[in-house]
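Consider the two complexes below, in which subunit A is the common component and subunit B and subunit C are the respective partners.
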Partner chain A sequence: MSNHDYRPKSKVGQWFNDRLPLLTLANHLTDYPTPKNLNYWWTFGGILTFCLITQIITGLTLAMHYIAHADMAFESVEHIMRDVNYGWLIRYIHANGASMFFLAVYIHIFRSLFYGSYKAPREIIWIIGIIIYLLMMAAAFMGYVLPWGQMSFWGATVITNLFSAIPLVGEGIVTWLWGGYSVDNPTLTRFFTLHYLIPFLILGLVVLHIWALHVPGNNNPVGIDIKKPSKDTVPFHPYIVIKDGFALLMFMIVFAFFVFYSPNILGHADNYIEANPMVTPAHIVPEWYLLPFYAILRSVPDKLLGVVAMLSAILILAVLPWLDTSKIRSAVFRPLYKQFYWILVADVLILGYVGAMPAEGLYLLIARVATAYYFLHFLVILPVLGFKEKTLPVPLSITEPVLGGSPNLATARKKESKIE
Partner chain B sequence: MSEKKTKRRDFLFTATTAVGAVGAAAVVWPMIDQMNPDASVKALASTEVDVSALTPGNTLTVLWRGKPVFIRRRTQEEIDEARKVKMEDLIHPEKDEDRAKNPEWLVMLGVCTHLGCVPLNDKGDYNGWFCPCHGSHYDTSGRIRKGPAPLNMEVPKYEFVNANTIKIG
Partner chain C sequence: MKKLLKIFSLLLLICSSNTFSFAAEKVDYLKTDWSFKGLFGKFDRASLQRGYQVYTEVCASCHSMKYLSYRNLSEKGGPEFPEDQAKAIAASFEVMDGPNADGEMFARPGKLSDKFVMPYDNVKAAQAANGGAYPPDMSVLVKARGGGVDYIYSLLQGYEEAPSGMTLDDGVHYNKYMYGNKIRMAAPLSDGLVEYGDGTTASVEQMSKDVTTFLMWAAEPHLEARHQMGFKAIIYLIILTILVYFSMKKIWSRVESEV
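Moving on to the complex of A and B:
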């Protein structure tokens, strides 16, 4: 950790810091020693913070114009789009911001999977991350209900009905969630309240996530423990701040492309039809970021087991640090795991694709195979791999492979011997 | 072992915790129960429908408690088809005679028992209903025959007030 005997330079600063050590905290954050080999996959933490703040600010401004009532919600959203000054911009940033948030969080999660960032001593960081991810899904789902279009209404109906799969108390829980006998005005008002609340819960968890990160410090592409501060680290400011800032700019270009050039491409046309409890749209599909789990739900022909499979697919991630038995973190030194990693990436993408297709024929078959493989990866392949895999030699420091010009020590040694 | 003897302090500690827990539960329950259907929602519990215009082979859909209710005036073929099905072939065995007391009229919630979508009329492999969301097939008695739904479409409480009017709820 950074030095604790930090003293502010100015008299006023010292007076304030003795009473509330905020400046010590700021000093810790700027001096925070960071591994010097962090690549661009490590910039998504900062990008996600940006996404959260963007969603909170645009959300607050939208809430000033939105009316949470079943008779007026749809019109109030159109009012925002047509009448409110820059309402279209704020709403498109908020709606596409949700997609951008999930895009970034998926990259962040898969970076963690590749470099083994979830392993000891970072399990708590990882579990807090999974809770944040769950809350994000809840917030996104409830936010999607608010415009009160056809997809809002029927999405809400299908998702809340998942709870009816619980034996005995299921129906009672669903009625309680709805505040009635179907999704209706009481459901809308409570979803609005919770949609407003959850981002602030996420904000609190982000603080814990970063706090827990700052205890062991960042993992790095080589995945070894490093001394801090040392030759292997650089201060967070300015090195990481500049790198994060540049990556954020690149990300914002993608973000702006969606907002300004194709703001509706990630949505569904059906949601521009006002909610109608008498007619279900021909093809109900959740937002793209929930599709893999939707595919898992539909691939099981039993209602309760389908719901259990879908929830397990998410919750299995929470116990990942104990399912992966390998002591080596980074996939760079795990030749077999690296291949299984990419198969998992492909598997999740396939699940996402079939989740968007009708659940029949070949699509259903593919969904079933992909679902089985998903669980196989976590429950069988990862635990066994830790014992069977022959890993490559891991360098002793970050500097060693960097000077050799390759993250792979064997190659680095070869190069060095050639130079000699 | 004199330390193990219950002291006044232990008694007070247990009593305080117990009273505190009861008090907390008494405060939490109203917070939970406020989310259950309120009096105004419950007040809309029944609705009357005029079915005089409905001809055989057609379905009328009405809204009851925010949910669609199918009122189907069945043709003789549909009734025969529903009544000749063997109980062993059903996922959720129910006799058509029990579901439609007056065989010509089938009244049921138009809500798929899987995840609550509204099934489509005259569709599916059993000439009854088909749910577009996750592919459940229902027969001419609204019974689940194929797909992920676990139960038949629910028959609500209803009665004929007179020859032309059905009261649901």
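Moving on to the complex of A and C:
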């Protein structure tokens, strides 16, 4: 860990820091020893922080002009797009920002899966991350309802109706969620309230997520524990700050292309039709980032079991640190896991694809196989792999991976002497 | 750096593959060159003005455009009618206002600040006048249809004789680009239906293109500003990225590690 007996140079600084050690915190954050071999997959944490702040700032601005009322919401969004100064820019950043946020979070999660970042001693970081992800989905879903277009209305109807699958109390819960007997004004106003609240919950959890990270420090592509600080680490500032900044700029270029040149491509055309409870759209599809779970939901013929499967698909991730029995973190040294990892990536992409398609015929069959495989990966393959897999020798430190040493010090020494 | 490029191209790939959900309903729409597409896309001013003429003389008898105001017609990036002309256009409509000091509603000529006058008082009146079908509001119509401008452009020219074996109810027409091929709206355009002031021949194709351009602007009035700002923003980001890249290289040269 960094230097806790840090003392500010100035008298005023010392006086302040003795009462509230903010400067110690700042010193910890700048000095924080970070593995020097972190690759660009590690820059998405910073990118996600940027996404969250962007969503909060643009969201606050939109909330100043938006009217959460079933009769006026759609019109107020058009007012933002036409008459508010740069309203179109703020709204398009916010709407596409949600997609960018999810794109980044999926990369962040799959990075963790590849390098085993969820394993001891980082389980709490991982679980907080899963809670953040769940809250993100809730926030995104409710945000999509706010423009009060056709997809907003019918998406809200479909998703809230899922709760009716709960035996006995299901119907009652749905009525309670709606604040009436259908999705209507009370639903819109409570969704707006919650959509406004959740980002700040996420912000709080992000602080905990980073705090929990700073206890054991970052995992790294080699996946070994390293001495901190040592020649394996660099201080967070300026090394990681500039690298994260560079990656963030690349990310912003992609972001800008969406905002300025195809701002509506990730949305659904039906959401530019004002909500109409009398007309059901031909296909009700959620936003792209929820499609894999939508596919899992629809692949189970029973409504209750479908909901259970969908929720388990997310919650299973929370117990992942205990399902994965392998002691080796990084997939670099796990030849079999590496292959299963990529199959899982393909599986999730396939689920996303069939989630966008009508649930019938071949699509339904593919969705069922892919759903089954998803659970097979976590419940069978991962636990078994930990015992069966023959892993490659892991290096002793980041600076000396060339020696091909193993955790066993004696064998490593022997190899070293041979080389000499 | 190589790895980074890999990630970057993967990102672009993922982004572009997201368009797959639209691929399912792909129909071969009629194609034309839209001046507003592309990095520097701008509206064709003359086409917008002609398009407004088609809208107001043809479409507006059934289709409302409730989110537009007459002042928009003279604003930058739109048809850019001179302000006097926009004022005259507004004044040619009768707007219900009030109540006045006596508590009476009264009609007055339209002003620039007024919203486009709607052809029907409400949805029910519109349905009653159109055999039960509601002519959709056109303010954001091109964004509310999967095929966008190509779809509207094609639909306007897609009226044909129904194929044999297909029976159409009274007041229903065959259109090969309409979802389900059945449409309540009769073919709205015919050659020479409007008389363009600038001498352009008012063919169905020309009118379709003009009115679709107008609808695109109506749905995205700030499209030109968006394209201009987008180009500047991306150039700025690229230059900054290059500068930060070299700074990063310099800083990381102090340690034995690759970035």
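Observations on the model:
Throughout what follows, the second predicted complex is superposed on the first by the 401 of 420 C-alpha atoms of A that agree within 3 Å, B and C clash if a C-alpha of one lies under 4 Å from a C-alpha of the other, contacts with A are read in each partner's own complex, and residues count from 1 in each chain.
Simple rule for what comes next: contacts are C-beta pairs under 8 Å (C-beta built on N, C-alpha and C of every residue); 3 or more make two chains touch, one makes a residue touch a chain.
Computed from a predicted model, the values in this text were never measured in an experiment.
Contact with subunit B, but none with subunit C, is seen for A:L177 once the two complexes are overlaid on the shared chain. Judged by the touch definition given at the top, the superposed model places A:L168 against neither subunit B nor subunit C. A count of residues in subunit A touched by subunit B and by subunit C gives the higher number to C. In the superposed model, A:M64 makes contact with neither subunit B nor subunit C. In the superposed model, A:V12 makes contact with neither subunit B nor subunit C. Looking at the shared chain after the overlay, A:L362 reaches neither subunit B nor subunit C. When the shared chain is aligned, subunit B comes close enough to touch A:D302, but subunit C does not. Put simply, subunit A uses residues 282 to touch subunit B in one complex and subunit C in the other.
The residues of subunit B lying in touch with subunit A in their complex are 32, 35-38, 41, 61, 63, 65-68, 114-118, 131-135, 148-150.
In the complex of the two chains, the subunit A residues touching subunit B come out as 154, 157-158, 160-162, 164, 175-184, 186, 190, 277-284, 298, 301-304, 306, 358-360.
Subunit A contributes residues 36-37, 39-41, 75, 78-79, 81-82, 88-89, 92, 99, 103, 234, 238-239, 242-243, 245-247, 249-254, 256-261, 263-266, 269-270, 272-273, 282, 285, 288, 353, 356-357, 399 to its touches with subunit C in the complex. Subunit C contributes residues 3-4, 7-8, 11-12, 14-15, 18-21, 24, 39, 67-68, 72, 136, 139-140, 143-146, 148, 179, 219-222, 226-227, 229-231, 233-234, 237-238, 240-241, 244-245, 247-248, 251-252, 255-257, 259 to its touches with subunit A in the complex.
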